[in-house]
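Listed after this line are the structures, all set down as structure tokens.
Each of the next two complexes has subunit A plus one other chain: subunit B in the first, subunit C in the second.
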Partner chain A sequence: MISRRVFIAGTAATTALAAVPAMAADVLKVGLILPMTGPFASTGRQVEAGVRAYMALNGDTVAGKKIEIVLRDDAGTADQTRRLAQELIVNDGAKMLMGFGLTPLALAVAPVITQAKVPAIITSATTSSIVKQSPFYARTSMAGPQSAVPVATWAVKNGLKRVVTLVSDYGPGIDIEKGFTDQFKKDGGQIVEAVRVPLQNPDFAPFLQRVRDSKPDAIFVFVPSGVGSLFMKQFVDRGLAEAGIKLIATGDVTDDDLLNAIGDPALGVITGHFYSASHDSPENKAFVARVKKAANIRPNFMSVGGFDAMALAYAALKKTNGDTDGTKLIEAMKGQSWVSPRGPITIDAATRDIIQDIYIREVKKVDGELYNVEFATFPKIKDPNAQ
Partner chain B sequence: MLTILFDGIAYGMLLFVLACGLSITLGLMNFVNLAHGAFAMAGGYVTVIMMNRYGLSFYWCLPAAFLVSATVGAILERLLYRPLYKASHLDQVLFSIGIVFMAIAGVDYFMGGQQQLINLPPELKGRFDFLGIGIGRYRLFIIVLCAFLVVTLQLALTKTRFGSQLRAAVDDGRVARGLGVNVSLVFSLTFALGSGLAGLGGALGTDLLGLDPNFPLKFLIYFMIVVTVGGTSSISGPFLAALLLGIADVAGKYYVPQLGAFIIYALMVLVLILRPHGLFSREGGR
Partner chain C sequence: MTAPVETQKLARDWISRSNRVRLWEIALWVIAVAAIFLLPSKLLILTEITILAIFALSLDLILGYAGIVSLGHTAFFGLGAYAAGILARDYVSEPVTGLIFAGFISGLFGFATSFLVLRGSDLTRLMTTFGVAMLLAEVANQAAWLTGGADGLSGIMLTPILGLFEFDLFGRNGYVYALVVLAVLTFIARRLVHSPYGLSLKALKLNPRRSAMIGISATRRIVAIYTLSAVYAGMAGALLAQTTSFVSPDVLAFHRSAEVLLVLVIGGTGYLYGGVVGAIIFTLLRDWLSVVTPQYWMFWIGLILIALVLIGRERLTRWPALLNRKATTRAATQLAEEPR
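Up next, the complex of A and B:
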């Protein structure tokens, strides 16, 4: 027969046991808004893979909160992004937002998150000015021309003094043109010509001919990653390499996701960027293996942006002890520092933007596949436009 | 300088192959087919699938792209387009733009939204110098192929029995039918031919213009410009218009890159002010 004392103890124990899962079941929703369809669908796929990889490697529970990702597709149109952000916050009760594939998509949610006091972590968009638009933004992709500035320094050091710049004519392109040009001139280089190509027209023939005729040492290029592969092909076809013109670029042109599809023409291209799938670290090996297994793609810089957005969210929740108040969360994000698959990174306490190492890489064949192999590091680069 | 001219001609030729199907449906059959680019896209994706998944030669992809697009065109014409021949232009526009959106969504679903890349056979890659002019091999290939197409089309339209049947069917369907011309068959074949040409253009353009699900919308405006500037009465009109636009576009971007893509629109406005019916319009045409 069970004595009363044993019964009470038993009940208490059961209750205590039951209480643990009840606390763990305290769900925190994170709204993930990405272009999953449309021309920028590859961005969405990559970021999502990164986010899921982080949760697979680090568990779905942090500070007593079970994280639930609510994925929404904005198809790359800004009005959708804004509407989805509003729905996620108001109807689904999301305490954090993430994603935003392009600059206009990120800008569109600024008023929403400011009013609702919900932090939003930018995983992809890079234009300098975004983070200033709301005190609730933080960024884990790249800040403006971060990747271009070290390329300028490297180029001058390696004897490429006369350079033509060629960028796509839109926000990030102009940011990067300015970042590169300022640094390049400061280091004593000469910009022979600055060409801007329309975002919509992928026939680079006339622009490349113009570059060829002005006979520079090198051409510095920024175009969005999908167009980058077309650019590479036409660059080779036009015989610019034979004419002795080197191609230097930001990592968008030799995107890990597309590099193998571009094929051998990409060999030897020098780029500067914050992430390469071949980065040699245990963190990166685990990350690449996880993404390859789960999503069957090679992670690129978009993917690592998603991974680190999740890392930042976890770190902030740990610091607030599970408090989901938006103002406290964004405060907790400031100054966070950790080792990401890309290398050491910090969220600037003053600007909420990312500070990271930029690597100079060369495209090489490793085990029959093309990779951006890193050979020089420029540590702790800040957004040059913010200084 | 001559290199620019050469590039412009190649670009113009490509535009012509892409757009001439539209000038047939719009000009000869009087049907506003905004979905024309979707057939071009179909040709492009046929090429991509054949080359990248099955490793077939690029040269086989070109006729295949033509045939697949032509077949799709013929089927759609039978099932969907035919009931709308008599409908107002607005209905035709709404219908065909709907097809465009369905094509975009369908391709996006099955093939993904990324840029598709193909690797041309080595003999078409690179360039050589001829009398100081840099000539891209692939562009030369396009020019030769398209020039051949233009001549064939022009001859077929003016000199063959089918050509005269088509012109008769367009000018006055009732009389043509009375004279024993199978008007609906003629229209079907013509539509299939136009779609097939678009498919061929899409296949040729994959390497030069890129290919993603938004292709039909991205290039719709170029097709429309070629057809409006060229007038819709003949093959030579759109052909010259396409050449003019190709050269103006390439030269404009070379000499004044700041204006970039705007040149061709300026040119279109100019032409339409001077000749509202296009460069070559047919008196009494509809």
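Up next, the complex of A and C:
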């Protein structure tokens, strides 16, 4: 085994060697903090793949700066996230931070980035309140119940008037339940029952039985992406589809990363979300091909969050002409607009949150694989909670 | 037969001898203080080690001295963190006040739950402590109006410590603050475990039935040490909340209880510094491995831990014995040499 001393010496030597060409290009470090281990490791893997894909497609130099990604694993623990952020800023001299898999992890760094004046781009966490906690946050994932509201409008238009909602009982779940319910009632729909299931060790069977008995037109579901496959299985086992109950959901349930593993029971499920790997655009084709080649996974919405975080960082650096002052960088991020693999997106100049199109998709088989195929678009959706 | 007075003198001498400050102890504290100046870029991780050390010290008090195995010690840690966090968010933002408040709240809860660990074997205790921690975790998750629920408790703004020292970005004052707390708590614990009360606890741990026969009552002693241990854990939690100005719901998660137990296993129990040694080894190992290999570090840490436990199985009991062997042997010889 390599002793610590040998390791340090080795690292120092390597760094010294590597530093020679790097110095010339003026290195800019970007701290990437993600859960790479633990229950949320898939989030970390996807976001990292997205970040690396952007750099592979667009080069690692922007506005005279050579971008270097410093990846750190917080294992989904908030105090680790906080310490890593602080160390990346103070010791490694990171000028930008990215990542943050869950809401508490993102919230934990708010005091640090405000004090240090370093911008942080959120690639995954979605709770509405996060970006308000520090003027140095920007977000490229999703803002609160953004994906749920269009589903409500679509459902009413398509004759699904009586709906049962089923969400996981935690911050984002309650956000989404509220977003969906408000819009659904406004459009003239009726919520038959609102069910909340525990986040940990969920067993949907008793809840689904209740849903079946109340005979709604459809059931609207939000559960975190990993739990989606378990839900789908029980949904089929309980015969809700045969009873004529439609399943509508946010895209988390039919996560691209897991969709093939869920298999045929997912066919025909209607979801609303901001990204599908089957989105038809040249930007997306290049992105999907790159991620598949480099990381051997199908990119999902987490991955595209990482990709766009890099896109935003590059755009901001171009605008400041390579100036790495935190306040200038976050100013430069405000109002940026570009075409992402998911479609056109904008960083709201007022809230630093994302404005994006939400697509209504149906799960279909394309070339032997399951995909969320988009068939309707709700353009330029803002965070419904911020209005 | 020795006169009672002489036996008493012998016992007193033995106690004061075992209470003597040792060279390695002084060295440890000198290094800890020197780190402030020598390792300015490592202060954040040192703060983390210090907090973990206090937490482990608190577990050592009940595991190493009273023999109570706990799988839910993080209940007190988390309660302290939330108590300090909520106090700072809504009422008083001065850290030392928060620290004492958190210790008080945790101690109160520790006192209330200590009656649960009085009865039953190790296995029952494992289950009850585990259950208490699970209950608290769910309460914190549900009471979102107070604790922030699954999003964690944010918006904690702290004023400078005692109105003088502000928490800086380099974590220097945070480290000094945590170190002072560790020093004070270790000193108190040291006095305590080397007192007759501490010895009676050890007697209870070694053989409860026999100690009951010579007149050592278990109930009050266990309630007292369990309460004190809860106070310590609560203060460690408060330090975490204050140095990170955030409380995440995972302060009550099972992995923290397991982690602190692990730290004690690495460092050894029953000599107070096991927590410190274990915290240093565990944190540095984890930090180094997770930088070298962000995705697979858990594999390596698992492997190292298995190796450690297999090779050093007796660590749990031998560490303190090795350190105290000289003193013990001397006392024993002296006692044996006395004419009867």
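Before moving on, here are some points about what is shown:
Following the convention adopted for this analysis, the second predicted complex is superposed on the first by the 363 of 387 C-alpha atoms of A that agree within 3 Å, B and C clash if a C-alpha of one lies under 4 Å from a C-alpha of the other, contacts with A are read in each partner's own complex, and residues count from 1 in each chain.
Assume contacts are C-beta pairs under 8 Å (C-beta built on N, C-alpha and C of every residue); 3 or more make two chains touch, one makes a residue touch a chain.
All figures in this text were calculated on a predicted structure; none of them were measured in a lab.
Once chain A of one complex is fitted onto chain A of the other, the partner contacts of A:V90 are limited to subunit C, with no touch recorded for subunit B. Contacts of A:R210 after superposition on the shared chain: subunit B is touched, whereas subunit C is not. By the touch criterion defined above, A:T37 lies against subunit B and subunit C together after alignment on the C-alpha atoms of chain A. Residue contacts after overlaying the shared chain place A:Y371 against neither subunit B nor subunit C. Of the two partner chains placed around the shared chain by superposition, subunit C is the only one that A:P104 touches, whereas subunit B remains out of contact. When both complexes are overlaid on chain A, the residue A:D73 reaches subunit C alone and has no touch with subunit B.
In the overlay built on the shared chain, the residue A:F301 is in contact with neither subunit B nor subunit C. Once the two complexes are overlaid on the shared chain, A:W154 sits clear of subunit B and of subunit C alike.
In the superposition on chain A, the residues of subunit A touched by subunit B in one structure and by subunit C in the other are 37, 41. Partner subunit B is touched in their complex by these residues of subunit A: 37-42, 169, 195-198, 200-203, 205-207, 209-210, 226-227, 229-230, 233-234, 236-239, 257-258, 261-263. Within the complex, the subunit B residues that touch subunit A are 3-4, 7, 11, 105, 108, 112-115, 117, 119, 125-127, 134, 136, 138, 207-210, 212-214, 218, 249-254, 257-258, 260-261. Residue ranges of subunit C in contact with subunit A, taken from their complex: 41, 44-45, 48, 141, 144, 149-152, 154-156, 169-171, 240, 244-246, 248-250, 288, 290-292, 294-295, 297-298. Taken in their complex, subunit A has these residues touching subunit C: 4, 7, 36-37, 41, 45, 71-73, 75-79, 82-83, 86-87, 89-91, 103-105, 107-108, 110-112, 115-116, 127, 129, 133, 170-171, 199.
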